[in-house]
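Next come two complexes built around chain A: one with chain B, the other with chain C.
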Partner chain A sequence: MARASGYLKTGYGQQLVLVETRMQWMLLALLAAALLALPLFASFFLLDLAGQIFLAVIGAVALMLLTGIAGQVSLGHAGLLAAGALVTGILTQEAGAPFWITLPAATIAGALLGLLFGLPSLRLKGLYLGISTLALHFIVVFLGQEYETIRGFSTGISVHPPRIFGWELYDPAAWYYVLLAFDVVVVLFALNLLRSRTGRAWRAVHERDVVAEALGVSVFRAKLSAFVISSALTALAGAVFSYYRGFVSVEAFSLFVTIQYVAMVIIGGLGSILGAILGAIFVTMFPYAIEAALETTGLAAALAGYVFAINYALFGLVMLAFLLFEPDGLAGIWRRLRDYFFLWPFRKTPLAGGE
Partner chain B sequence: MQLLANYLTLAALYALIACGYVLVYRVSRVLTLAHGEVMMVGAYLLLTMGTLFHLPPLPAFIAALLMSLVVGLAIYWMVMRRMAGETVFAAVLVTIALGILLRGAMALVWTPRLQYPAEAIAMENPSVALGGSVAVSQASLLIIASAVLVYGGLFLFFRHTTWGVRMRAVGENPRLAAQRGIAPHGPLALAWGIAALTGGLAGMLLSIDTGIDEAMAIIGLKTFPVVLVGGLDSLSGAIIGALVVAGAEILAIYYVDPLVADVAPFLVLLAILMVRPWGLFGTREELDRV
Partner chain C sequence: MLDLSPDKPEAAYGRLRASTLPGLLAQRAMASGGAPAHRAKKLGIYKERSWAWLAGEVAALARGLRELGLKPGGRVAIMGDPCEEWVIADYAVQAAGGISFGIYPTASPGEVAYQLAHSGARLFIAENQEYVDKVLPLLADLPDVSHVIVADTTAMFIYDDARILALDDVIAGGRASGDTSPDALAAMAAALSPDDTAFIVYTSGTTGHPKGAVVGHGRHLAAAFNLVAHYPQMARKGQRTVVNLPQCHVLGRDAAITVPLLTDMVPHYGDSIEDFPNTCFEVAPTVLFTVPRYLQKFASQILVGIENTSALKRAVYDLALARGRAALARLWEGRAPGPACRLLRFAAFRPMLSQLGLDRLELVLCGGSALPRETMALWHIFGVNVCEMYGQTETAGGIIAGQRGPFPQPGSVGTAPAGWAFDFGDKDEIRVTKGDLFDGYWRDDKESAAAFDEAGRLLTGDVGRLSGGQLAIIDRARDFIVTAGGKTLSPTTIENALKASSYISEVIAFGDNRKYVSALIELDQDTVAEWARSNNVAQGGFTALTRDPAVIALIEGEIARANSQLARVEQVKKFMILPKILDPEEEGEPVTPTRKVKRSLMYERFRDLVEGMYDKSEEERIAGKLGEVF
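Moving on to the complex of A and B:
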């Protein structure tokens, strides 16, 4: 398959181009056609699974920008998702606001929270930062719980499906296309951000913030912008999630959700958007894959009460295995495989720029 | 007075859990997020001693403690040892993954329902009157006593024994320690072992009072504000941190709202992170090194 060489660049524009050769355009077109055609054949179950994956991709890309690219540890991801969902729930419930008010409101709330989450990052590094974001997670969830108990929604807040010109969005296939479009926009946004000044500043801060500052990057601005953009995206994902489920409850945003998103970023491979997408697919499909494996081996009936525990244990095991043996994640494996076939029969990988 | 008794019990429990975090951090610079699960392992081991071997309380406790020690050593030897030289963040993520793995495995072996080890080892837990209207459970007294014993023992251990000095040396500067002939794996494994032992003890005593299910891991998680308030690398700081956080929590329960109690430790944590991120007794340079 034809690919750009990585070395023969004749202009700066070529370095920045997202799709390099005609072959890659064709493959992308094939992928797009496959994704667009999927609802014509897929069952309701598959469409729901795809919807979950699309939602996870938004959150995972957001976390990838923050942790994988800008290098800021965050363990408050579930708190941000919860914030987005709660803002949507509360606005619909209290003011009957339509989606074109709640979505921007959730995004703005996310951005403000990101500012709040990000402020400690100016003083704290690494571990300490992760812990302060974790503390904020507990506080957001607590506030949500307070609201639910005080207003008497202790079982959760229901959210009506979004309505455009009298047309209601509840058909699974329609949701599929909406979420797909959402994902395309988010991924393009992230990719474009990465080749802009902001993205380069983030990478520089990730590598070494002191050097970045010396090179003229405003570390203050880079860190805060990373938190704000990532949090806004995450809250938006939370808001869309609440519409998709038609229901908001803080119960759904436990610490395990944070761990799942961190796992997506790790398993996918830190530092690449492709990794975030692969990780989101992997982690979302994981429990279903385990269930399917149990079904086919005929063990499902025998282990019926244990499926949840098996899921949990295997999930921990897989995360552990990736951390210990494949820190580059799925994106790293994909890159190695691709290089292997691309270079065959030679074994040498290109030094740089072979992306 | 009842307030004071509850406060001391909670503070002692926090202190007992916290010393595991401090030990592991001090020696290996890793903040373990699997400590709550390690506590659960201890409590479940106690349960098994009762259901499987019908041991009376004291031997059951001793056997479960020894097994907790082995669990800690095994965690280091099988998992954490491989993280040497990796970034701190990666090591912390490994502890998160380990926690999930342990939780799933425990649910598989012991089922996730609430169980009572006190019944299994036929241990009675009468409430003890302390004059006036104040009463605490026997397990609470045991928690306070063991917190005092564990901290006393650890201070002596670090000051006066060869292994204690080795652990301090490795914690301060692993390369220099290795250069002076201390193989770092020994002290590191021991730190994990003792952390699992003390955490397991806390889990066992707590399970006598409240029984054991997944909720115990949350208590483990709620303890790390204690460690950060005191300073991640300071044992005496952990005691002060336990007193501060338990105080905030008890006051929140009595004067504000029991629901606030769950977030109170984290509010204290955020306040301390803003003002003095390295904690009340921590070393300041730690922060720059992380």
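Moving on to the complex of A and C:
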């Protein structure tokens, strides 16, 4: 439903618009201006942080589609990121392939892995499915380690910066804009996917797969497509990550990365693309925020040896707190905040249909 | 296209008196065929209908109706909630030379039968299956009705009756039979005389059977234009309205059909009339024609919403309300509110109205019955320009008087439009001395003659007086209460004071030849139920609610508040809550389809309750009796 009065639709095309009211356009324009102007003021440190967030958003949106929307648990997320990065690294090293070959190759590899490891989802649910996807993680990491050992890249496979018409993508500000564009495309893709037949089928399967089947949704196709699309996106994120970092090392894709991504979708709020973005921002910035807090309170020196431990402990506590007190996550908080002002001065909509 | 400038009303009246409704429609289709005539919500989207499209449908249906045997002067009944098919059918009947009339969608079967027989209708056009169901059992006694035409054929597959036809099929048949261009419609309209009868409006009739007011083409157009002349902002481009009043009502007809024909105002039809608040929200109308009941309903919805909101929001609202109330006198003098008042309006009322789609209203015209002053003042505080107007079916779609505003002081119905005049006759009865009026009642010469005096003035039957140059309506002449003490009271004044409460939906005051005034109260089901929920009052259905001591105490408080605004003799000393909701669709129920209360029937129906309020021993007897009933 529209968020302001007077937006009547005279054609079905108008029902497809993502941005409807003048207010929404204004807020969006403000956000876009702020994002575009940021590199003009930001330090290298901030630009790198933004880059990490942008990369995390791609992965988080991918996991949100699979877990938050389609309701399929996956613990293979770090494995998929690793797969995308490894395919890029290997193709670069072995064949000197440019980015316009490695990125599609990584995406296809991710899709194939998704297809393969999505198959158990047709039989397994919940925790059992999670364990089966964990296998993916270990297999990919094992293969990556074997490759690194055999080829002598034990410190990591280096990846050259992508080249477009002789111009090398190296400058942090340039990377910022490229990653921002990536995010915009991925988010728009995800939002539109959710309104399509596929996205609706995923939601139906999430609610109750038996009922979805009875309603004519092919659960087989919905589950596999969720795995394939999510995995392809994740592998793509891994490939871009390898270019961004300039090298690939399997070490970087530990099980903790998977936990971080699961945390992003839970803290962000399951079922919402906005939640994936907010979760990615929150989780990526969390360690930096803790560090900054320790610095400002002057505890940094005293606790120097425990920073990592404090970080992990607090991260765990925050996760617990969200699960207990705010199951709808940051997106839920945002929605409540938004409704508070949109419904002003009412508590709930005065329209009979919206009660 | 006719030159219809609201600045030169007399010239426009003259041109319109020489026009017909289908003739003007054809002219519009030729002059601005692509412009929107209305928008109607179908399957989730508002279909934009151009004048050319409307004229084409009308011409085709007119041909189809002729093929079904409609002769010039033949009557056709239309029954249904406001919808675009109503408009097409109405124009088409007139284009074919017939006389259309609407039956209230909530009319009881007895009333439908009476109007069909009295008018001698040949065809019955129904909005949907609901009305087919209503009319089918009556047809055995109505041999004149040859066909029932249904617009919405959903659920019609189970009917196997040769008399039932689909509106689309009749239109298709008409289209196949000949030219349906605007020129063809103009040719059909040319066969009509501006003096021919266009339609009949059955007045809701709080006494006896309804009377059918006969209205001619030219006079209706000229009369309805007095609204445009009185409120020239309606003629501005870009105005939009939501159709919420039944089109069989003359005010509903003005809002949905005639004013849009005379201006660029675009009417909008929602999914259904029950969906009116949502339609309002989606359309955000700039002009609204309404009756007091809707304004009261909306206002109490808002008030209940505010009562249940958080403390901070309520505090902002209360502050804005207090400032707004303090600024009312200034507002009514025509001065703009101060900056603090405007800021608070922006902070509290603007977003509130936006959520109901009422934030862009420039003009709300309220008629049909008296608008309680408190309700009007509340809307003025919110920043909505509500103006009250006064007209009758007998004034053929025109108004006798209207407050021009913006933000007129409540308590009067304003001044006469340009070219119209009224004076006061015997016992201060309002008489219309100048204006375009109806042509008498259908098949009722006695009543027709009684409607006018020897000088040709229309006798309204309403009592009024001038105060400060504005017309103030006191009451219907025959409705006055003369107490045992000899005081003459206006029941409407008393009832409206009580109706200002959001928990009370209808009030009927009694007191003729009695020691004091008493009242029967109909609860507002929604707000009282909501109140009961938030105050932990047990709910066991509506009847139980009406007998709950907490609810009775609540109403007692509301009446005490109303009494403080009334003169001593007017104060309501006793009251009873009706154990049910008044339903006009029920046979013999003392309300008209427009929910006007039939006073005498009310007394007959609830005699025990009324008498009980005057005799203690009697009351106990009835309480025992009621115990058996419920």
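Throughout what follows, the second predicted complex is superposed on the first by the 331 of 355 C-alpha atoms of A that agree within 3 Å, B and C clash if a C-alpha of one lies under 4 Å from a C-alpha of the other, contacts with A are read in each partner's own complex, and residues count from 1 in each chain.
The definition used in the following text is that a contact is a pair of C-beta atoms (placed from the backbone, for glycine too) under 8 Å apart; a residue touches a chain by one contact, two chains touch by 3 or more.
Keep in mind that what you see is a predicted model, and the values were worked out from it rather than measured.
Shared-chain residue A:170: touches no atom of chain B or chain C. With both structures placed on the common chain, the touch criterion links A:220 to neither chain B nor chain C.
Using the contact criterion defined above for the overlaid structures, shared-chain residue A:100 touches neither chain B nor chain C, since it reaches no partner. Considering which of chain B and chain C touches more of chain A, the answer is B.
Once chain A of one complex is fitted onto chain A of the other, the partner contacts of A:120 are limited to chain B, with no touch recorded for chain C. Of the two partner chains placed around the shared chain by superposition, neither chain B nor chain C is touched by A:45. Residue contacts after overlaying the shared chain place A:139 against chain B, while chain C stays out of touching range. In the superposition on chain A, A:320 makes contact with chain B only, not with chain C. Of all the residues in chain C, the ones that touch chain A in their complex are 39, 44-48, 268, 275, 277-278, 280-284, 301-302, 305-306, 308-310, 313-314, 316-317, 348, 351-352, 354-360.
Residues 2, 4-12, 14-15, 343-353 of chain A are the ones touching chain C in the complex. Note for the complex: chain B touches chain A at residues 31, 79, 82-83, 86, 88-90, 92-94, 96-105, 107-108, 111-112, 221, 224-225, 228, 259-260, 262-263, 266-267, 269-270, 273-274, 277, 287-288, 290. Put simply, chain A touches chain B in their complex at residues 73, 120, 123-128, 130-132, 134-136, 138-139, 142, 145-146, 149, 255-256, 259, 262-263, 266, 305-306, 308-317, 319-320, 323-324, 327.
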